[in-house]
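Each of the next two complexes has chain A plus one other chain: chain B in the first, chain C in the second.
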Partner chain A sequence: MITHLEDINKAFESKVRLGIMSVLMVNDEADFNTLKELLGLTDGNLASHTRALENLKYIKAKKQFVGRKPKTTYSRTKEGEKAFQDHLQALEAFLKNNL
Partner chain B sequence: MKNNEAIETVKEIRAMMEKSSRFLSFSGTSAILIGIYALIGAYLAHGLVSPVTQSPYTNGISTGISIYTLMLLAVVVFVAALATVLLFSYRKAIKNRTSFFNNQMYRTFLNFFLPLSAGGIFCIALILNGNVGVIAPAMLLFYGLSLINASKYTYDNIFWLGCAELLLGLVCAFFPGKGLLFWTIGFGILHVVYGVYFYFNIDRKRKSVEA
Partner chain C sequence: MITHLEDINKAFESKVRLGIMSVLMVNDEADFNTLKELLGLTDGNLASHTRALENLKYIKAKKQFVGRKPKTTYSRTKEGEKAFQDHLQALEAFLKNNL
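Let's turn to the complex of A and B:
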């Protein structure tokens, strides 16, 4: 049981980060406002979590201008996809062992 | 980490994946209203098409006048239904504080209207060729296929409505002359039934969760 717990990714302990990854797993990309809306967060809150995931190289950001407004679009990276899948597997294993 | 916590996490992941990949601003009330429009339309049409229904293979020319009036009626019902769905979905999106014009909405509408448009053009061809008897099954079949196609991008349960329309269309194809009856069941009664189901199982549940 302890070995499975080790596989559970610390980065995904936060519900917000897990939420961001969940959205980006089923959508190739999502912009900042969409994520904000889906997760029900404030700008600052979401920004700090996306930055954390960016630093881990789990997601990547693309910045562009739509008219005069900046628009940031996020997408998952290979590493992020792997980390998320490992996390899910660890959760699954944990549940199996405890049932 | 406790067991419950892990289950909770998995549930949250699932919910977030679902919410972010599907168009969920559909309202049961609009389905009921569409059904009612169709019932009114069918009632009005009944007076117009009696000669057509009595002889299913009637040449389009002899029933020319009533067919065009009927087409106009169908267009009015269709436009009213579309406007209702858009309006109610838009209102629900605002109420749930989600955006209406998002990727999911475009995907749902594209996948719905693609087969439906093909069906619409096909039905026009049928009318022009005078194959009046097969219009009702064709409409039901194409509508059913459109719903099944769109169900991948919105609520799952629309799949079953699509199957019901499809089945009805097939049955209808074997009963020439009963087109209007099947049309009324498919577009009127099934929508009302589906709308009521949707209202009690999804709209109401959501409200009780929010409350």
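Let's turn to the complex of A and C:
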């Protein structure tokens, strides 16, 4: 199989997005603070990447109030799951051919 | 920063190993059957990759008996954690420079 770098999904080039998607593949849901702690990020950094993945429809956010505190919980979409699996496949093939 | 493909850790080129390490970064421990289900693998396929990662000292296995059934639980090592983080860093840098 010939694999080109173009098959790799630019949406997942960042370590943070790889991390977010990995967590949401392993866990059906994760809230903002859990992602923040697991990935060791600041609020702003995490928020900008979750927003980008939401805009791509790869993850979706559910907003609730727990008492008076807002809580945002993320989950992968079907589309995101497929895109991420395709990306890992392309990445693996590319690395196997080029390392 | 100039990043070359050589900075990417060949141990993690496989999607399966990327999956095992991702699960063990998110969860401190995971047993064989949990990994198998999360990653959708056969026993043989998972075993060959956990063995490879154990040989590299990137993960460690704890074997117990639960009743009469053997149970193997895996966790990342400090070395594995560092190697995986370095790999993701190198991968991100490489992709940013080349996509």
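In this section, the second predicted complex is superposed on the first by the 95 of 99 C-alpha atoms of A that agree within 3 Å, B and C clash if a C-alpha of one lies under 4 Å from a C-alpha of the other, contacts with A are read in each partner's own complex, and residues count from 1 in each chain.
Heads up, the rule we're going with is that a residue touches a chain if its C-beta (ideal position, glycine included) is under 8 Å from a C-beta of that chain, and two chains touch if they have at least 3 such contacts.
Just so it is clear, the model here is predicted, and its values are computed rather than measured.
**Q** Going by the contact rule set out at the top, does A:L18 touch chain B (first), chain C (second), both, or neither?
**A** So A:L18 meets both chain B and chain C here.
**Q** Touch test for A:L88: chain B only (first), chain C only (second), both, or neither?
**A** A:L88 sits against chain B and chain C alike.
**Q** Should A:V66 be classified as contacting the first partner (chain B), the second (chain C), both, or neither?
**A** So A:V66 meets neither chain B nor chain C here.
**Q** I'd like to know which partner A:L38 touches here: chain B for first, chain C for second, both or neither.
**A** Both partners, chain B and chain C.
**Q** May I ask you to decide whether A:K96 touches chain B, chain C, both, or neither, giving the answer as first, second, both or neither?
**A** second
**Q** Looking at the overlay, does A:K10 come into contact with chain B only (first), chain C only (second), both, or neither?
**A** Only chain C; A:K10 stays clear of chain B.
**Q** Between chain B (first) and chain C (second), which does A:N27 come into contact with in this model arrangement: first, second, both, or neither?
**A** both
**Q** Jot down the residues of chain A that show up as touching in both complexes, chain B in one and chain C in the other.
**A** 5, 8, 15, 18-19, 22-23, 25-27, 38, 88, 91, 95, 98-99
**Q** Which chain B residues qualify as touching chain A in the complex?
**A** Per the stated touch rule, the residues are 1, 3, 6-7, 9-10, 12-13, 16-17, 19-21, 97-99, 102-103.
**Q** Which residues of chain A touch chain B once you look at their complex with the stated criterion?
**A** Touching chain B from chain A are residues 5, 8, 15, 18-19, 22-23, 25-27, 30, 33-34, 37-39, 88, 91, 94-95, 98-99.
**Q** Contact residues on chain C for chain A in the complex?
**A** Its residues touching chain A are 5, 8, 10, 13-15, 18-19, 22-23, 25-27, 38, 88-89, 91-92, 95-96, 98-99.
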